[in-house]
Amino acid sequence: MNAPEALLLPDIQSIADHRNLAIDQVGVKGIRHPVQIRTAGGGLQPSVASISMYVGLPSNAKGTHMSRFLEVLQSHRRALDYTSLRELTGSMCLRLDATRGLVDIALPYFVTKTAPVSGATSLLDCDVRWRGKLDDTGFACALSITAPVTSLWPCSKEISAYGGHNQRSHITLSAELAAPMEIEELIRVAEQEASCEVFGLLKRSDKKRVTGRTHDNPRFLEDLVRDIALRLDGDTRIAAYVVESEHFESIHDHSAYARLARSAGSRRRA
Amino acid sequence: MNAPEALLLPDIQSIADHRNLAIDQVGVKGIRHPVQIRTAGGGLQPSVASISMYVGLPSNAKGTHMSRFLEVLQSHRRALDYTSLRELTGSMCLRLDATRGLVDIALPYFVTKTAPVSGATSLLDCDVRWRGKLDDTGFACALSITAPVTSLWPCSKEISAYGGHNQRSHITLSAELAAPMEIEELIRVAEQEASCEVFGLLKRSDKKRVTGRTHDNPRFLEDLVRDIALRLDGDTRIAAYVVESEHFESIHDHSAYARLARSAGSRRRA
Amino acid sequence: MNAPEALLLPDIQSIADHRNLAIDQVGVKGIRHPVQIRTAGGGLQPSVASISMYVGLPSNAKGTHMSRFLEVLQSHRRALDYTSLRELTGSMCLRLDATRGLVDIALPYFVTKTAPVSGATSLLDCDVRWRGKLDDTGFACALSITAPVTSLWPCSKEISAYGGHNQRSHITLSAELAAPMEIEELIRVAEQEASCEVFGLLKRSDKKRVTGRTHDNPRFLEDLVRDIALRLDGDTRIAAYVVESEHFESIHDHSAYARLARSAGSRRRA
Amino acid sequence: MNAPEALLLPDIQSIADHRNLAIDQVGVKGIRHPVQIRTAGGGLQPSVASISMYVGLPSNAKGTHMSRFLEVLQSHRRALDYTSLRELTGSMCLRLDATRGLVDIALPYFVTKTAPVSGATSLLDCDVRWRGKLDDTGFACALSITAPVTSLWPCSKEISAYGGHNQRSHITLSAELAAPMEIEELIRVAEQEASCEVFGLLKRSDKKRVTGRTHDNPRFLEDLVRDIALRLDGDTRIAAYVVESEHFESIHDHSAYARLARSAGSRRRA
């Protein structure tokens, strides 16, 4: 979840050069707030977010003004997307007389899914997180999605006549964006690389198709995060990323987990 | 989790008969506290509990003494079991001058599991909850366990050449005890009725056995809770019970859930 | 949180009379779903709910149809209020061929607050829970709200020249409704009986007023739940209720908690 | 909570230099496990931890062996401290044929507190997190504590005749250790810099003292994290640190939060 910290947190190194007690982040945390999200089709989707807003405080400033964060938030009316987040982060820094700032917005997002045989539609909930950062190098924006999927281990199929054990998994993709990108594009990458996508509503005919797809598509956790990384490498809108996958094992009471990150300077050219 | 509320909560009806503003529960909630649990073999297992302690306040009493709850808890040194819980509940009521009281203790409990082929041992964590209630009818004690298990739906096997979809499930058994009972007895009932038990550590040879056992033992959620109920019906130490099962579906992002309860007066004779 | 269980859960006693293995609840749990809520002014407020839907299964029925719950939910388009919940619960029972059913919908709800001096407006988030139950006695509906407030203990003021210690508290009111009622009415009862209401945004001038109001209005936890109970007793739309208050103590790391319940048959006439 | 990520996560930059698909972390997450913690006095305290264990996977390795993580954990019997964590991290890397590894252990830790006037003793629960990292630069160890404290804003005292609003706060100190350090030392720093420490059990006489101490010691959030940073700067055992403070505001339903970090290369000499 807290994947691209390294990308978004204030640059501690440069602060420390001054050997002063600048504060990296000060502000308000955990505000529940209704928002509108801009969707791929240009529409609006209402949701409820958990929002944190921080500014950096230079060493010569005594303190910040807590009530101003809420004023900025209450007066921001634009639907949430890349551009709106840049505006909100900028307004906050302006109102707080700050040169650095971080806005962190986490919310559920709903994707309409169509069952593969019956065509029945239902909503699937994904966790989405936007983080906007402003400092002397300009604005940086990270978009994270967590998509629920089905996973099946290849090893269990090999060692069993039965087809093995599968489970629910959560794939989290966090991308530092060099250009705007739709939430649903990242969700689709996660779903396509998993053993199978999940659905809110499946009829009997759908279940057969879904079970078959899962068993034809077993994936090692390690291959999953690598294949996703290869796809993100090929997207020039993504400056840096973190891929995480957590499998809620059905034969254990703990998770299997993997994480693969690329920083901005080190990305492979596709 | 909150299964036997009906069994343990103060008898609202009789309070209300007086048409006064008696308070059902007043006290302290959510105290994290180290405890020792008495195990089946007579040994002691350390754990960390979340504890709540309440008394009933009659209509003519202005208030209670919050610090006394902590005094009672701090001075109680006996390892947790049926007898110790009765003592703790009694001490609390005595110290608070109360005729009704409820002590609620939730904690993780570890069972040593042996893998079926390799013999490798590991610990499995289950959630355990003890609730002791004292009122004018005497002492009542409810013991709840939540055991993680593997579940496999029969319908998916029918409709698929692959053997279907399985997932992690949590089975919760809450029993009002007429006589002392070991924690591990309830855990074993849940594990034996599931498609398969889960383990902390499984080697390759174990996985084949476990996968096979799961696929030979598909269970409908409805059959699972009914079969467990039949077993609890046959145990004279159990005066009343609630069976709950929650399947963390691998093809959806929500749970399938069932609940079957028997109150004290309505138990079938086995 | 789980207050009016006793009011809404299936009547175990009558089931048990048949000495059969009827299942109290079977269905789907924890579906995240976007909803519209009907507000006091007749408007609509979007939110994101966690929804569970269960039916009772008679002893002669083998099982239920899990996918139908989602079909009912996906096709229900009306904004959430008393009438809409009755329709949804009825549709579910009809579609599942059930004579008993329970729909449980929990969601955040936002109230617009105006700061007492500056007049600055901001949103306050409250937790709301609707539970609709249908059985052979007809439809019953319980509405719960959890409002964050400020509390101040009277005892600390007495024993201190400084004015004592205050903290954030959560007041939960759960009402079984004999007639429709607005969410905001219950929230106002909680806020008016607390030491002070809380706000998203307060300017310096507001803080002085709010701090003063808090200190002029210290409340024992026991008095708080009793005074709220008195107000609910006087409302004929409320057939039964549970009042809960949890104080997140600033001088301890646990909560002080009280609970006062009135069942349907035992309500005092105001 | 996730403070010293930058200190402990694998060095993405150097991985990326090879332009290969090495995986930063792969392993097991969220294992609940009983542990013994070495205390300041040389004694042992039992607790229950949530443990994650990961290794780095080089680009030429296909995958890791999930069951071996559990084997290493099950066979590690030493009480948890700096030395034991180094051994566990080393054993894991050896067993998994890895040159990089991370072990993350979070658990509650209990401190015995003595009330200031009555002398009554009680336990206070703090969250503790140990993270051990092994890579080609050797072993690094980060110790984090989260201590609950009382905070009082100075501004409210100024603007009010009543002494203002206080609340519960959580102070988190995360230190990369250049040498072993006791858990309780870090907890004491947090408690001494707060407006007041909190206690499990306070008698009436204690409450007066505690309330007085709080009101004589109002602290701005910004001053709090700076003063703590100054103290950590003066400790040569601490190579790098993060200070976080979260105030659960009693007049709002969100938190005030600040964070101040020092990386290893940038520490001021005291």
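Letters A, B, C and D mark the chains as written, and numbering starts fresh at 1 in each.
The criterion applied here is as follows: a residue touches a chain if its C-beta (ideal position, glycine included) is under 8 Å from a C-beta of that chain, and two chains touch if they have at least 3 such contacts.
Being a predicted model, the structure only gives us computed values, none of them experimental.
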Applying the touch definition from the top, give me the chains sitting in contact with each of chain C and chain D. A, B
Could you check if the interface between copies chain B and chain D is built from the same residues on both sides, meaning over half shared, or from different ones? same
Relative to chain A, the most remote chain by C-alpha centroid is chain B
Comparison of A-D and A-C by number of C-beta pairs in contact, larger one: A-D
Geometric centre distance via CA averages, chain B-chain A, whole Å: 36
Chain A and chain C, separation of their C-alpha mean positions in angstrom: 32
Between chain A and chain D, what is the separation of their C-alpha centroids in Å? 25
If I count partner chains per residue in chain B, which residues reach a count of at least 2? 31-32, 125, 200, 202, 204, 253-254
For chain B, which residues count as touching chain D in their complex? 31-34, 45-48, 67, 70-71, 74, 108, 110, 120-123, 125, 200-204
Help me check something: in the complex, which residues belonging to chain B touch chain A? 124-125, 148, 150, 155-156, 159-168, 196, 198-200, 202, 204, 207-208, 210-212, 214-215, 248-254
What does chain A use to touch chain D in their complex? 2, 5-6, 9, 12-13, 15-17, 19, 21-32, 52, 54, 57, 62-64, 66, 220-223, 225-226, 229-230, 246, 253-263, 265-268
